[in-house]
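Before we start, here is the structure in question, set down as structure tokens.
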Amino acid sequence: RQYFVNADDTVPEKVVVQKNSPRGVHFRRAGPRQRVYFEPEDVKACIVTCGGLCPGLNTVIRELVCGLSHMYNVNDVFGIQNGYKGFYSSNYLPMTPKSVNDIHKRGGTVLGSSRGGHDTHKIVDNIQDRGINQVYIIGGDGTQKGAYEIFKEIRRRGLKVAVAGIPKTIDNDIAVIDKSFGFDTAVEEAQRAIDAAHVEASSAENGIGLVKLMGRYSGFIAMYATLASRDVDCCLIPESPFYLEGEGGLFEYIERRLKENNHMVIVVAEGAGQDLIAKSIPVADQLDASGNKLLLDVGLWLTHKIKDHCKSKKMEMTIKYIDPTYMIRAIPSNASDNVYCTLLAHSAIHGAMAGYSFTVGMVNGRHAYIPFHRVTSTRNKVKITDRMWARLLSSTNQPSFLSKEDIMEAREAERLANRLPVPASSSEHTKKHSASVLSNG
Amino acid sequence: RQYFVNADDTVPEKVVVQKNSPRGVHFRRAGPRQRVYFEPEDVKACIVTCGGLCPGLNTVIRELVCGLSHMYNVNDVFGIQNGYKGFYSSNYLPMTPKSVNDIHKRGGTVLGSSRGGHDTHKIVDNIQDRGINQVYIIGGDGTQKGAYEIFKEIRRRGLKVAVAGIPKTIDNDIAVIDKSFGFDTAVEEAQRAIDAAHVEASSAENGIGLVKLMGRYSGFIAMYATLASRDVDCCLIPESPFYLEGEGGLFEYIERRLKENNHMVIVVAEGAGQDLIAKSIPVADQLDASGNKLLLDVGLWLTHKIKDHCKSKKMEMTIKYIDPTYMIRAIPSNASDNVYCTLLAHSAIHGAMAGYSFTVGMVNGRHAYIPFHRVTSTRNKVKITDRMWARLLSSTNQPSFLSKEDIMEAREAERLANRLPVPASSSEHTKKHSASVLSNG
Amino acid sequence: RQYFVNADDTVPEKVVVQKNSPRGVHFRRAGPRQRVYFEPEDVKACIVTCGGLCPGLNTVIRELVCGLSHMYNVNDVFGIQNGYKGFYSSNYLPMTPKSVNDIHKRGGTVLGSSRGGHDTHKIVDNIQDRGINQVYIIGGDGTQKGAYEIFKEIRRRGLKVAVAGIPKTIDNDIAVIDKSFGFDTAVEEAQRAIDAAHVEASSAENGIGLVKLMGRYSGFIAMYATLASRDVDCCLIPESPFYLEGEGGLFEYIERRLKENNHMVIVVAEGAGQDLIAKSIPVADQLDASGNKLLLDVGLWLTHKIKDHCKSKKMEMTIKYIDPTYMIRAIPSNASDNVYCTLLAHSAIHGAMAGYSFTVGMVNGRHAYIPFHRVTSTRNKVKITDRMWARLLSSTNQPSFLSKEDIMEAREAERLANRLPVPASSSEHTKKHSASVLSNG
Amino acid sequence: RQYFVNADDTVPEKVVVQKNSPRGVHFRRAGPRQRVYFEPEDVKACIVTCGGLCPGLNTVIRELVCGLSHMYNVNDVFGIQNGYKGFYSSNYLPMTPKSVNDIHKRGGTVLGSSRGGHDTHKIVDNIQDRGINQVYIIGGDGTQKGAYEIFKEIRRRGLKVAVAGIPKTIDNDIAVIDKSFGFDTAVEEAQRAIDAAHVEASSAENGIGLVKLMGRYSGFIAMYATLASRDVDCCLIPESPFYLEGEGGLFEYIERRLKENNHMVIVVAEGAGQDLIAKSIPVADQLDASGNKLLLDVGLWLTHKIKDHCKSKKMEMTIKYIDPTYMIRAIPSNASDNVYCTLLAHSAIHGAMAGYSFTVGMVNGRHAYIPFHRVTSTRNKVKITDRMWARLLSSTNQPSFLSKEDIMEAREAERLANRLPVPASSSEHTKKHSASVLSNG
């Protein structure tokens, strides 16, 4: 009773078009193919989760195991434990529909995860030695880069192995795709922290509630949580630089809001204001175990700065700082993310069975197979000259912290990025060479 | 700091294309226009909500009031009470950003709602007499048909009034648009009932948990709730006829599941099996106050049928029937629906300010202005030959209740519906004549 | 590191005393004894759950298994499946701390439950044959009566078996004890249904929301849920007869509330108004499988009666009926009930290890061992002349439905029940003969 | 329809008694009196909230306002804003049943609160000048001390003013009373943080989740949250000193748990280990605005200490620190706390109307009027030689951190505190002189 996708179906990257727009980049549509590359009885699949926690990880794992079994009768499936390193340093965990039956009701990942370096060659050695021919890799930006390296090494060795990346980022900062799984759940849960901040702030004289949310390079969670709540007076994100002192600065705005309204709520993405902190606290750049630049805690820093400022102005105030990060990351996915995780897992399975290697994702509402390099070469960011951010500014009434020149410059940059035609041949090339190793081989 | 939409931007109805696909229907892209039709100080707007409750109604109301005020400085906004009839039988309620500030935290609609007939002429008389020139109408299929009638009467009288429909249907059964607001929240809340049914069923010998969910003509809530949960053994929807007795029938499946697993959960959409009930209980067709066919309670009916069958087979069993309908409809919208409601309200405002009359909706991930007749002439249904339903069948293992002929027939019907090119001129026509009354006038 | 209870410690049944009150009934205080009756290595324990679901059942099961193991090193523990009948008709399920580790996070009972008759002799035969010497019985009024019968048969046979009853009643209708486990959770969850009814009612013209809550003979859930919420206009319970027509009747009150406030919420306990229904629908008394009188659905009945009345008065109105029963029963216990379930389980274990047979319960804030007959001979009911009910009446403003004579009569009945001294010897007797079979033997 | 409390009714402080126990301290039973001291039309009442937030504050405020109006027809009620200082530095807020109708659905306090010093004379001056004769004071230990001072000043001046204290402490550390309002809600909400810590810990190799909970001097929230959850491996509270290094120390236990189980969860009350921190970081004692000793953040300190230790042992591990304090304090009260807050408010009103001055509280399950000095002279603490703590130790398997001498000493101290008879005359004295100023005057 399977319904097959026409092998020629494509999904365009850009859906808003004018009359004579060029055709633009298109991706292969995801879905079951009439002809599959692997015989089910030959498939030996493995699943790995890398990086920080995100709601929905266990649902994706569950649906990969159940989908392989129910849709293709593939039952040789293993879990790699504790991230990439687990390929060569831990036991492979056999997984069955029964063993994963209830895991989607729990947060976290039953496979464990880790950050930090790994050895691509040792990974591929193990894939080769154990006869694995489908590798499902769930992880963020860095993890998808790693998947691409594994894929290239596999191709170099001429192995018949499909590599399927399933992008995971609670920050929603992966390029090309509409939305990453777990994002809706995270925004929902972030409301709880904002509600608490609002209650704390409004139960005190000159009360300020400050909430730090996830968002290393992209402020999507902060922006959506602010839009979904209506109690936020100021939202600070990495994409929109801000300053503290002087006209149009944050301190001036805080003073004004407290005067007008007696209390306020500030939401700050963890990656916001890093340049300001770097200036105020001269710290050498640091890298965490995964090679990511360590962020200084903008929430604590801002709390102290605001306190100091108010003290210097002899304003009595109370500030309450809430960091709900781990309480957000660790919850199970909500119903809408659950369905999304299921569809992603199924799309990944269909693609791998068809012999493709790719990152799977929803593009303009349709599931598609995206070449690895497209999702890793750039990052999804909030466009601060775009309407969504304009909506936020109008709903919070916060200052834009931008000069007129800043705006013109940002618009021009976006215009260039958006409007320049991508030659059709490049899109063709993409599809032929990256998104399908085996079936065209 | 507003970002304007190019007046030529369009959104295609079909996003999955093959190389030589015809262009297909495109809709105007929603968003702020550089030139608006109304002077803000001349605008007198009103808002009405009709039909059953749906999570998010209050958020849409709030954002219409706040958006008109914050984005366009329009402050002459009224609420019509208790549905269409309120145009001529209740006081008009003045609404301000302050008066609606916290309403999105509550379920229901602060304006009240009603079903049932109304008099289009009396409505337009009142619009004319009171000098209203923007009418925002939030409601389902029947309500949008009413909006179309109001719009036609307004056009006939040559009034300069924009009519903006915001489609509301908890069943997600409105055509063209990606998803209706409140749907995510409803599916989330439906999980609670399914969880309870699962617990009741699995705490008894031969326990059956039966949950009736909304879905008069379309089984989307039942299908998504089943996919989001993993505890459902059988999902029955209006689109997929089923039968009780004999080989491949529901009773046979129930017996098998209880034997295998000792308990089971059945989800049934309210509109499922109506033909079966009609046959078993000869009742004259009835219409409710809105002219909708009255549904017989399939949940109670099925409960009795299953009990009778098990008695006749001397199977001891326990069945618990849960109808969570009102508990689902009445909750406030979740964060993701909150953001969606905000965007819908803003899109509606931008369109009305530009002088268009339309139904607003998200089409392939972009907000668009859709001619009324397109959303009312057909209904969004679960395609039972499509992949989503195939996924559900594979996850529940329930029988398909379909003969081979049924499947072929359904596929052919869909193929015809989907693949036949819609002449470009028709789409042009559409845009010129229906979606924009005033700005082209 | 155990702290032992002095064997002479007692807990008084009445805690409010006047200067020369007689001493009254006292119960043995629960807790670990310095000297235990059983050698841990000789203990073979079993656990059974009977009757309807109640939040916390799995927590009690878990803590019995873990407590026996951790506190006394007893590891021979079995679960009886599907209620009393499971003693002679199902396999005994071995239970370990590991196998029950996560069950408290789920609603329902992992052992299954059932209503209906059972054979005391066959049960005791099986206890005897399998060498079981500790029997933990979790269930309501009828189940505790059954436990008393089992205890008497065991005593008759001279077996060295301790029988520990843990009272379970979501209705909180068991006598003597302060509160039954799961009650807090049920009241909490009932709020959700009341909230929904309130939203539905207030979003319609003359909207009535009607919620049926559990409470066969006692209206505690309805009363507490009404007090905890503030949106209920009328609460009907079995203890307080009401009438529909005429002065001071329900219809008059409904008309008044709708006129004043446009909408209203009614909460009705399932056992309320049974005499009225019996009169209006002449149905022969029916008994369910457990021998309980079948209740006619007061919610549906009331819905129809109110509709008919309004029709006859030509009042347009909308009524929404919500029955959340199974959604309340099936949820996991909240934190406070979790702790209470743990303490009950531990108290039961300490008592059984000391060789007592009893029902365990909290009496005036202290855990005590109560003779079986005390909890089964009477039922805990809402005292309608008491302050709690007076508080409710003052908060809802509903009519009392009582004549002056009714009140006088009820007060006198209570006065007699409460004030008559219970001879000290009876209390002594109780403790010696019923609450401790073995240790005094 | 009010039911009156016999004026002689008392509630004993100790309910567990042996045969020849002395009578002990008894408190006046709370409840409506047949004769009241104030004429309703003469009453002018005010309400003030002080100190940190606690779930239920708004419910108490609401029920004071509604109860005064509905039960005694007292409608002259004012809110004092922002704590004690508001008596002389802010406007008095008129409060009506209508204005407080929905406030119990929000967390925090609509009156605002503050910590810090205040001037008793200026407060009483204002009470006197404005003709206020009932003062309701909601706050913790320090606030009740302040209430006692206000009461003494009022008595000194011979004013006919009743002072009713309603003890508020999320830590549950107020002496005499069974439980403070909001405590159940706090424990419930603390589960969410523990769940998140458990997920984070178990999704990493050698993962540790560390949760800091409220509890400055008393570890009740930490202890109950640990008992309600089953995922905590170690619970540290102020009452039970611990040490890090060496045999029986925390580090040793952490190493063992990680080896056994690969991950662990630690819960620490904010007041735990303060002596250790003071030693390790030489900081001068600091007092906050209310004169409370500032606590050093034991959570951050412990995180660093554990990290350093593991580094020195070359153990790879991940530690996630969660501080949910403000997210717990700010939520609305659950149903059970809602009912409790209502009863407390009503008891306070009845007492004030009868002319008493007192702190109200539940003592052994009955509401009672307690002389101020009894609740402020000592503090409710977890008894670490008691059964509740023993239960916790047995459920977590953590080390007791106690030497044999420690235990003997603590037991002796408790024995002395508990068993020494309090002379009956002292209890009489108490009742006559402190708990009732006016009615005996």
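Chains: A, B, C and D, in written order; residue numbering restarts at 1 for each.
Throughout what follows, a residue touches a chain if its C-beta (ideal position, glycine included) is under 8 Å from a C-beta of that chain, and two chains touch if they have at least 3 such contacts.
Just so it is clear, the model here is predicted, and its values are computed rather than measured.
Chemist: Please report the smallest number of touch steps linking chain B to chain C.
Modeler: Contact-graph shortest path, chain B to chain C, evaluates to 1.
Chemist: Roughly how far is chain B from chain D, centre to centre by C-alpha average, rounded to an integer in Å?
Modeler: Centres of chain B and chain D (C-alpha means) sit 49 Å apart.
Chemist: Find the geometric centre of each of chain A and chain D from their Cα atoms only, then give the gap between the two centres in Å, rounded to an integer.
Modeler: 42
Chemist: Provide the C-alpha centroid distance between chain C and chain D, rounded to the nearest whole angstrom.
Modeler: 30
Chemist: Where in chain B do residues touch two or more of the other chains?
Modeler: If we look for residues of chain B contacting two or more partner chains, we find none.
Chemist: What's the complete list of touching chain pairs for this entry?
Modeler: A-B, A-D, B-C, C-D
Chemist: Could you please specify the touching residues of chain D with respect to chain A in the complex?
Modeler: On the chain D side, the touching residues are 53, 82, 106-109, 112-114, 192-193, 195-197, 199-200, 202-205, 209, 320-324, 326-327, 329-331.
Chemist: Once bound in the complex, which stretches of chain A touch chain B?
Modeler: 1-3, 6, 8-12, 15-19, 26, 29, 31-32, 62, 66, 70-71, 101-102, 104, 178, 184, 187-188, 190-191, 224-225, 227-230, 334-336, 338-339, 342-343, 346, 364-366, 385-387, 390-391, 393-395, 400, 407
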